[in-house]
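The structure's right below; bear with me while I get my questions together.
Naming follows writing order (A, B, C and D), and every chain is counted from residue 1.
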């Protein structure tokens, strides 16, 4: 596994601001776990300089898919690449989701996947893994408008329990997806529920609060600005609770590298305020 | 171009340290080495300069700590590190497993802290040299002022010189008017080699929030953007001092490294480029070797400081 | 985002010069104005700072004079210029046809030459201000030393101050340790505004010939690469002085210009970006206007120096 | 005329190191003169930073063609662009060739076009213009190897008098094209001969020497490193003889901007040593 050339097999625009990149990257595809990410260079030349982190959206055989939201210069440049061309890629990186072992718990476990915007990216990979293990899935997808509801058709193939919401009400319920999640959690399903979420910080904080209230286990995939992606630059840190006896932390928190200890964390290990 | 089939010599000695090749990893960009072990062959690297170490562990600055600029990277990590104790317990032993020179970059908030760190490390085995950071721009009370003037440089270097038997490399700040004068002071105080340069003080602003892009307000600029500036400084200093100079700043490929060597550097450190390609250093080493072969240069020493100056027209 | 439909005010006064908008063309990158007349609407530009002018015409340096670096440009033009006489005869009259402020950038090899140039120009009409270049790195005997220290800065600025009734802008070098100290000296000596910065001294080497890429050996670095460094300097200086600061360095788009204005600049000069796009300045002006509209800012003055500093964690 | 987006209509690789770029650039196409050039940006981003100068190789209707030799990062990046994409372009720039007015001289004029490598780029445009005016043409094309002999088929359409040479003898005469030119000039054609040349400096210097010996008028298109392309930066200067009474020049030469006074100069106005 090293910095490698990945061939662009296809580049499909979903809307003006999202596209799906299909790459030939055998080593990444074969060893990736749901929730892990790759660092992708934007093109030749030193401007933009750094690689960009993207969660692995799907994988199959020697191929991986990335779901990319165009937010700035790097993602724009990637969106202009030519199928057939090569992009440099490093990965798979980071710690993915701890999967549910089905049949290990009583009552049986059910996975609640909650994604906002491009935050659904790692959740599709996760959903496919969990579905393969016969774990029952409920999927929540939220966005600002209907154009921000992504991967819906793929999720529909994996579960009938799909909840949608948009802030402008253009599709699904009007409001935040956290509200929908709260409503669903009111109902007793008879399952041991476990939450997996990815999306903007505010959404993750709210879901973590909801989960804590109900003492549900929850894993979140968080974002941070990254340079190296491997734990070397210490640029991507996040505040985490300092484990006792851990002299790295000073006071009541420590700085954990999102790229190495994360991007997936158990929400209770982070400091959310 | 005649190809000389004999393998050219890439070994250099830098301030008492024998390096198998002249391309090292720069402090703060390669963690404690182990982070890159899954992604590159550490044995192919001339040496690893570890993340700046202080006596106590440090949490570093709040986030955001990084901001990208054209061909550059602003960082304000704030010298987050594990502290000497944990370094010696866990990081150094892991690093010793690799066949590469280990140079430990150190800093302190006071002269006394520098000395304590240097003393404690001097009891350890497997360290090839200490690199004294008197130039980090990101800690308010630390580092910066020590390297700002020739007298303060002389003072701190002499003090640490007496505290350790290890070869002492001194890393200079580019945020000065006359870097050669600082270099001469460090040499006079007993430095065995000079590493230059550290990052350039910079600022970036988010026009939407009207806040600095870094929580620390300013940060240190690294990457290809600074290469012409750092190269000029290495050239100026290498002309003036007797001790070897290690060139640092924006080195991404063999061509960049060769520019520094031709300008007078005995070795180079590669920083930001590791982030773009974990194999940058092995590729640079291979590229230097190819250049030497293609140009019939048997020993890299013939290249060091070989810059040809044009005859000036009047 | 509420759109305020009233046209926001873009007019600023910089050291006695009323500018219709805050984006000017930087000296040496826009010739004498006429060169760009076929390619852009000069009337949309806040002001044009003409190529550095000396008493006698100058041939400048031998070639190569340019070398590209990552996101940067090294130049060693050597202040080639037509001299005061021809400037007044042919260049100034042509430039006066355009509705834009004309700022004449001047330099000399000696204090006496500076004074002579300033005196002679003071007899002319149509000049809005003089910009005193005490910072050009490319002439061996010229400029540089005047701006290197606060006392020498004070000396040359006072001397020229007495030689002209024109508003006097002083252009500072970034190749110093403490640019705010130099800025304060220039202010004390009677400068009406400060332009910063000039280019950063750099070097690039051709590894094939092992010669410098510039005939002059070193050159001045400009372009996006230097933006974070120059912006930091503008911020440092704007905090310290009372007179307006004109921000220069790597400005390519409205966002860049706004960073400088938020950092404290009253206006900006655009240099290297003109080479990439002759319409860079009109686009920047339009972009600033859009930003003001979109953010409900009625007057650009509300933006100047509006940087919000984060509360520091302890 | 301003900095404009030019659409890439086609990009045809000639060999691994030369390609032809066809651009939709109406304003340039309509006003260009043979020997003029354009500045072309290499791509988005600021690395590489500067635009690159290229002679106009051909023009027709709203289209222009550039013949580009891949020598470094900028030309490489351009070679990777995607047909359909836009490139920023400025032009037409500089001073082109002064054309022969047929029938104005006695004996009648004949044009000798001498190009080396990518130096044939402006000569095809020139040949088409001269052929349109019924000026008799003799064309000399030289290169290191046969792969460096460019635009041969196009020249063959315009003249039967085509001389080729390669340094390695792989096509045409073995040797430098200046040698072939010298031989041809030995023969008296009964025409008033005028030389037009573009190629490496050494070749131009030698041809200028040959022309001077025979007192033949000669125009050369020279290269220089450029930043602005419009006479503003003074980066592209070349040593030219100082005209009397010209106070810009100091001593016996002055610095002339290649981008503004050139790229085409009468050889006798330049200093060749």
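Following the convention adopted for this analysis, a contact is a pair of C-beta atoms (placed from the backbone, for glycine too) under 8 Å apart; a residue touches a chain by one contact, two chains touch by 3 or more.
Nothing here was measured: the structure is a model prediction, and the numbers come from that model.
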- Task: Return the chain pair with more inter-chain C-beta contacts, choosing between C-D and B-D.
- Result: C-D
- Task: Would you kindly tell me how far, in whole Å, the mean C-alpha position of chain D lies from that of chain C?
- Result: 36
- For the pair chain B and chain C, the C-alpha centroid-to-centroid distance in angstrom is 34
- Task: Starting from the mean Cα coordinates of chain A and chain D, work out the distance between those two points in Å.
- Result: 55
- Query: So, what's the distance in Å between the C-alpha centres of chain D and chain B?
  - Reply: 47
- Task: Quick one: which residues in chain B touch 2 or more of the other chains?
- Result: 69-72, 223-225
- By residue number and range, which residues of chain D touch two or more other chains? 46-48
- Task: Could you classify the connectivity of these chains, where an edge means two chains touch, as line, ring, star, complete or other?
- Result: complete
- Interface with chain C, chain B side, in the complex: residues 62, 69-72, 74, 148, 175-177, 200-205, 207, 209-212, 215, 217-218, 221, 223-229, 231-232, 235, 250, 255, 258-259, 262-263, 291, 306-310, 313
- Task: Show which residues of chain C lie in contact with chain A when the two form their complex.
- Result: 70-71, 224
- Which part of chain C faces chain D closely enough to touch in the complex? 28-31, 35-36, 38-40, 51, 56-60, 63-73, 75, 77, 80, 82-83, 85-86, 223-225, 252, 272, 274-279
- Item | For the chain D and chain C complex, residues of the former touching the latter | 1-3, 41, 46-51, 88, 90, 224-238, 247-251, 253-255, 260
- Query: Which positions of chain D touch chain B when the two form their complex?
  - Reply: 46-47
